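Chain nomenclature is as follows: A, B, C and D, assigned in order of appearance, with residue numbering initiated at 1 for each chain independently.
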Amino acid sequence: MILSNSPALVPLSLLLAAIVIPMAAFRRRWLAYPLALCASAFATGISVVNIIRVLTEGTIHYHFGGWIPPIGIEYVLDPLSSFVTLVVNAVSLMVLVHARRSVAAELPDKSMPFYAVVMLMLTGFNGIILTGDFFNLYVFLEISSLALYGMIAVGGRKSPIAAFRYLIMGTVGGSFYLLGVGFIYMTTGSLNMADVARIAPSLHQQPALVAALGLMITGLGIKMAIFPLHGWLPDAYTYAPSASSALIAPVGAKVGVYAIIRVIFYVFGVEFVRNSLPITEILAWLGAIAIIYGSIQAIAQKEMKRMLAYSSVAQIGYIGLGIGLANPYGIIGAVLHVMNHALMKACLFLVAGNYRLKLGHSTIPRLDHRVRRRMPWTTAAFTIGALSMVGVPPTVGFFSKWYLALGTIQNGRWLFLTALLVSSLLNAVYFFRILEKVYMKPLEGEAADDGSVSLDEAPASMLVPTLVLGIALLLLGLLNAVIVTGIISRIVPPGM
Amino acid sequence: MFDFIVGHYAYWFVFILMAIGLYGMIIKCNLVKKLIGMSIFQVSIILFYVAGANKWGATVPVADPALGTADPAKYINPLPHTLMLTAIVVGVATMGVALALVITIYKRYKSLDETRLLEQMRKEDDTE
Amino acid sequence: MRTYRPNPIVSLVSRLVSPFIVMFALYVIFHGHYSPGGGFQGGTLIAAALILIRLSEGNEAAQLQFPRSWGTPLGSLGVLIYFGTGLATVLMGGRFLDYSVLHLSHHVSMSRSYGILMVEIGVGLAVTAILVSIFDNLLEGNPDV
Amino acid sequence: MGIDTMTISFVPLLAVLVSLLAVPLILFSSRRPNLREFWTFGAGIIKFGLVLSLLPGALAGKSVGIELLELAPGIRLALKADPFGVFFAMIASGLWIFTSFYSIGYMRGLGEHKQARYFSAFAVCLSATIGIAFSANLLTFILFYEILTIATYPLVIHKETPKAIRAGRKYLAYTLTAGLFLIAAAAVTWQITGSLDFAAGGIFKSHPMAPSTARILFFLFLGGVGVKASIMPLHSWLPTAMAAPTPVSALLHAVAVVKSGVFGVIRVVGFVFGPALMKEFGLGRILMVFAGFTIITASLLALKQDNLKRRLAYSTVGHLSYIVLGAGMLTSAALTGAMLHIAFHATMKITMFFVAGAIYVNLHKENISQLNGIGRVMPWSMGAFTVAAIGLSGLPPINGFISKWYLGMGSVQADTLIPLFILVASGLLNAAYFFPIVHRAFFRRPDGDELAGHGEASPFMVVPLCLTATLSLAVGIYPDLFFRFFRLASNVAGAILGGA
């Protein structure tokens, strides 16, 4: 029973938690956190079951209410969706473990709604990833976006403005997507992705269908924060509470990426896209520009979270580039980078959270060697995350870059290769800037008060997830071939 | 060509509304005006769907014994309407969140002018 | 903002109209599964009736009718009814929201119909509670009302 | 040694891992210096033993190795101890023992801070170097190459002075860029050939390339390995990085890092491109032009340095290009000479750095102009320095003569005399910048009586430097002594050229 419903159980369990938390915590506030954690752990467990099922049984279709598509809504579990749900749920679980203390410190009286909203956001994410229906995707997109606005707005004084700007942008994005869906429905008469994929080639580049493609990619591009549409991202990540930004940054933009991959490669197909609009080309260029722009902006930032936010812009550029290359290596690189970036960003944002808890700030100029003395393990996790961002082997960062590089070479795009490699250097600049500060003594003039600084590490509930993510970066880097051959190579759409 | 323009007249209005909405969201500095633009924008898309569902000479999609259920051309396509019902709900929820945000912003900054708010934010960033 | 001053006409009319709105709303909800209408629309109507009282009678009187602390739990309860129906179908061995397995009636189609009715009730409850609490939240901290 | 009971193919892996395993031990015993140094030492000896145990197989021309997990589809993390790898690993691990011994004296003599970090980074560096030596394919090579880059960084900035930090930044900027070139080059190679495995004679054999592609690819590779090999104009990080403590300069900048660079050059020339391709596209000549330019310019620059370590650094830049020059000539004698020079330059240069460090610890002098009469207080050290200076100038009976002799022979074999002239000129320049130091040390009177009361440096430092000097001398007289450098080198040269 559980097994046969396993695809639906992931979002449903999270949704249930989102409902139960406000009711249960009506009288007992402390119940909110354990419920959220249980739901997230359950969802992660089911995601593992799902991915095993997909790998053994092949693609699974789950029909809601027993209605057969295209009439009913179906959930599709294929290697891509099962992989991305697992990444999203596992990373969120880690962040949630970490969140208890940071939420208690930063949002003391809002913890119950916070966890409910987090559950809602995760429901939305999982729904986006699993659904096989265009309109259903829109609904989940908006559910997750609404939850995101809330999660950002509970931060400090400035966070409502950031949330509002995100809301405006996000609504435009969602509406563009909805408009695109409207065009699709009017030309094909179906909202089911597989159905549309079957019908679309026979429509021979009908202008309405091409317009639909363009509108959907633009809309999803805003949600994904690809370069010129990224304006909302830095403020949103910076002013959100630590727990929110640690949840949003790793997985938030990824679902947009996922939806774009789905639309371009699985619904319309590369052939159609190439012949209709130069979307892949544009995505690749925007990706390359985002890589450079984001990295340079990141160098200029003083706040660690803002720096990480700009680096997210760059990292999303990598993914955009991989998608835009539209060849197998590009896809492998992009999907691997989805996982990689989720892990790295989660790790780094958790570090920022730990710093905020113990030091009260995460401003780069104020970090110094005492930080390392106080929090050696957190700093070690930061180092691994930073090395992965720079792309030093054997971290995952190196390998996703490797596949992307192979992809650029396969298409003979040397300029993109250059952008890819130069950005590594820029990453090195802004990460070693921090590493230098935390690992080295202050310059002469300041008192060397080594003795007075004692070990004051973040609590275990925060430290363990940080370290787990750091170690995962190393391990998954070494084992990336297993993931690539086992899962990601099956994602590469046929005919490519 | 003329037929194309006249035949799609509903869509032209939809696009005009959409442009007005986008204009409001992008150009206007007042946050509430932005929201008004957003609302217009959302409504234009809803109208787009509804217009697309329309059929000449068809009636509401409720089974009418007089018309029978054999010929779907006699009924308007109900699916876009139901979809838009959901879209309206999404719109209401978004509007609710947005208004809550606007109220919070106004309480904290005593202003709803975006340029001034951004200036204020940067200033606070620098003093931190 | 102007201060609230009771006005007998407004008060009387809204008190008079409100029960009828609720009545109509219930009709809309309970007919939603086989004619135009449904939980969303009905829920909105109920919420309108409640908000009407809130507007005309002021906050204090309205709190007696529908306390603001009910908003979140009732909203959750509504979704939970929806969700519970779905869960029941899963527990009965079907797919999520596959009402046909619920055996509420001898006919499969009637069984579906009743299943949808339950969902509509849940939706109506949730929409009512949430809309009212949106209204309440927007007023929060505004001493003038 | 006790390792023979194991499957022989695990030995390369163990050799890489042993110093890595020492890292946690070093960190955990950071409060007990003696125990900590014991771990360093133990790991060094075991490592050297492991590498030596591979020597008989290597001499017989056999390669042993192990394939571990897949790094990327089709590319495994593979270690292979081929003769060339064993050759390099032997030098690196052997000299690590000396350096650890010396480090103890140096670090304690100066009372340096953060010694646990120092020794553990050192151990990681060694692991990476042995990993580079035993890499069976380019991706594994890149993996260890980058680890080496990162692990060296804490050593370069060890003093944490603004100068050291600047040096660290410069070092990272150069080497990380180089790593990127290498990644790009490897990716292109993979696209063209579908294989990244090193093979004597090259991996492009059955994959024809356009000349322009080959040249671009070669420059990418050169950009990758050339930075660590400090070919001009990519050399300038090396003199700056002399801000590091002297043992670091000694081991890393005379043995591990820069030698990984030249090792990489020979790997690229002999095992990726292969002599045939190099000749076909005139790539060898490109290499020779760069190397020749570097040798002369670096020697001239060395002349005007007053800081002893900087002078040694420029001398290193020049001598590394000897090896590159040898690789560019592509004849058996030249390749043999180049490989021999990897080993011999290491023993000589490490001696010199040890001496420089001993002087610094003992007398706190860094500049050559302050060294008047120092030979009277530190006769052993300066004696060893003299031996190394003779060798580096290419005079018998020190080992530097042998490698230079073969390089010269290679030049004749290659039917061009320009390299020979460069070598001779460089020898003269070497003499010109080293002998004045010797002269000052032994034949000038000390300024005032500041040297009074000072004696020889601590035995921890003097013993290793005397040993390395003796080694230089002994190998110079009989090159096949102990480690059979000569047999190995000529075998490898034969394999590269034979595989063409």
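Here is the rule we use: a contact is a pair of C-beta atoms (placed from the backbone, for glycine too) under 8 Å apart; a residue touches a chain by one contact, two chains touch by 3 or more.
Nothing here was measured: the structure is a model prediction, and the numbers come from that model.
J.: Identify the chain whose mean C-alpha position lies nearest to the mean of all protein C-alpha atoms shown.
T.: A
J.: How many angstrom lie between the centres of subunit C and subunit D, each centre taken as the mean Cα position?
T.: One centre to the other, that is 79 Å.
J.: Could you tell me the distance, in whole angstrom, between the mean C-alpha positions of subunit B and subunit C?
T.: Measuring from centre to centre gives 24 Å for this pair.
J.: Roughly how far is subunit B from subunit D, centre to centre by C-alpha average, rounded to an integer in Å?
T.: Centre-to-centre distance between subunit B and subunit D: 69 Å.
J.: Once you find the CA centre of subunit A and the CA centre of subunit D, what distance in Å lies between them?
T.: Using C-alpha averages as centres, the distance is 44 Å.
J.: Which subunit A residues reach two or more other chains?
T.: Touching at least two other chains: none.
J.: Can you list the subunit B residues in contact with two or more other chains?
T.: Residue numbers touching two or more other chains: 100.
J.: Could you please write down every pair of chains that are in touch?
T.: So, checking each combination of chains, I get A-B, A-C, A-D, B-C as the touching pairs.
J.: List the residues on subunit B that touch subunit A in their complex, please.
T.: Residue positions touching the partner: 22, 25, 31, 34, 38, 41-42, 45, 48-49, 52, 79-80, 83, 86-87, 90, 93-94, 97-98, 100-102, 104-105, 108-109, 117-118, 121, 124-125, 128.
J.: Going by the contact rule set out above, which residues of subunit B touch subunit C in the complex?
T.: Spelled out, the residues of subunit B in touch with subunit C are 60, 62, 85, 89, 92, 96, 99-100, 103, 107.
J.: Quick one: which bits of subunit C touch subunit B in the complex? Just the residue numbers, please.
T.: Spelled out, the residues of subunit C in touch with subunit B are 35-36, 40, 131, 134, 137-138, 141.
J.: Okay, in this complex, where on subunit D does subunit A touch?
T.: It is residues 69-73, 75, 77, 139, 142-143, 146-147, 149-150, 154, 157, 160, 162, 165, 168-169, 172-173, 176-177, 179-181, 183-184, 187-188, 190-191 of subunit D that touch subunit A.
J.: Name, in rising order, each residue of subunit A that touches subunit C in their complex.
T.: 1, 5, 8, 12, 15-16, 19-20, 22-23, 26, 62-66
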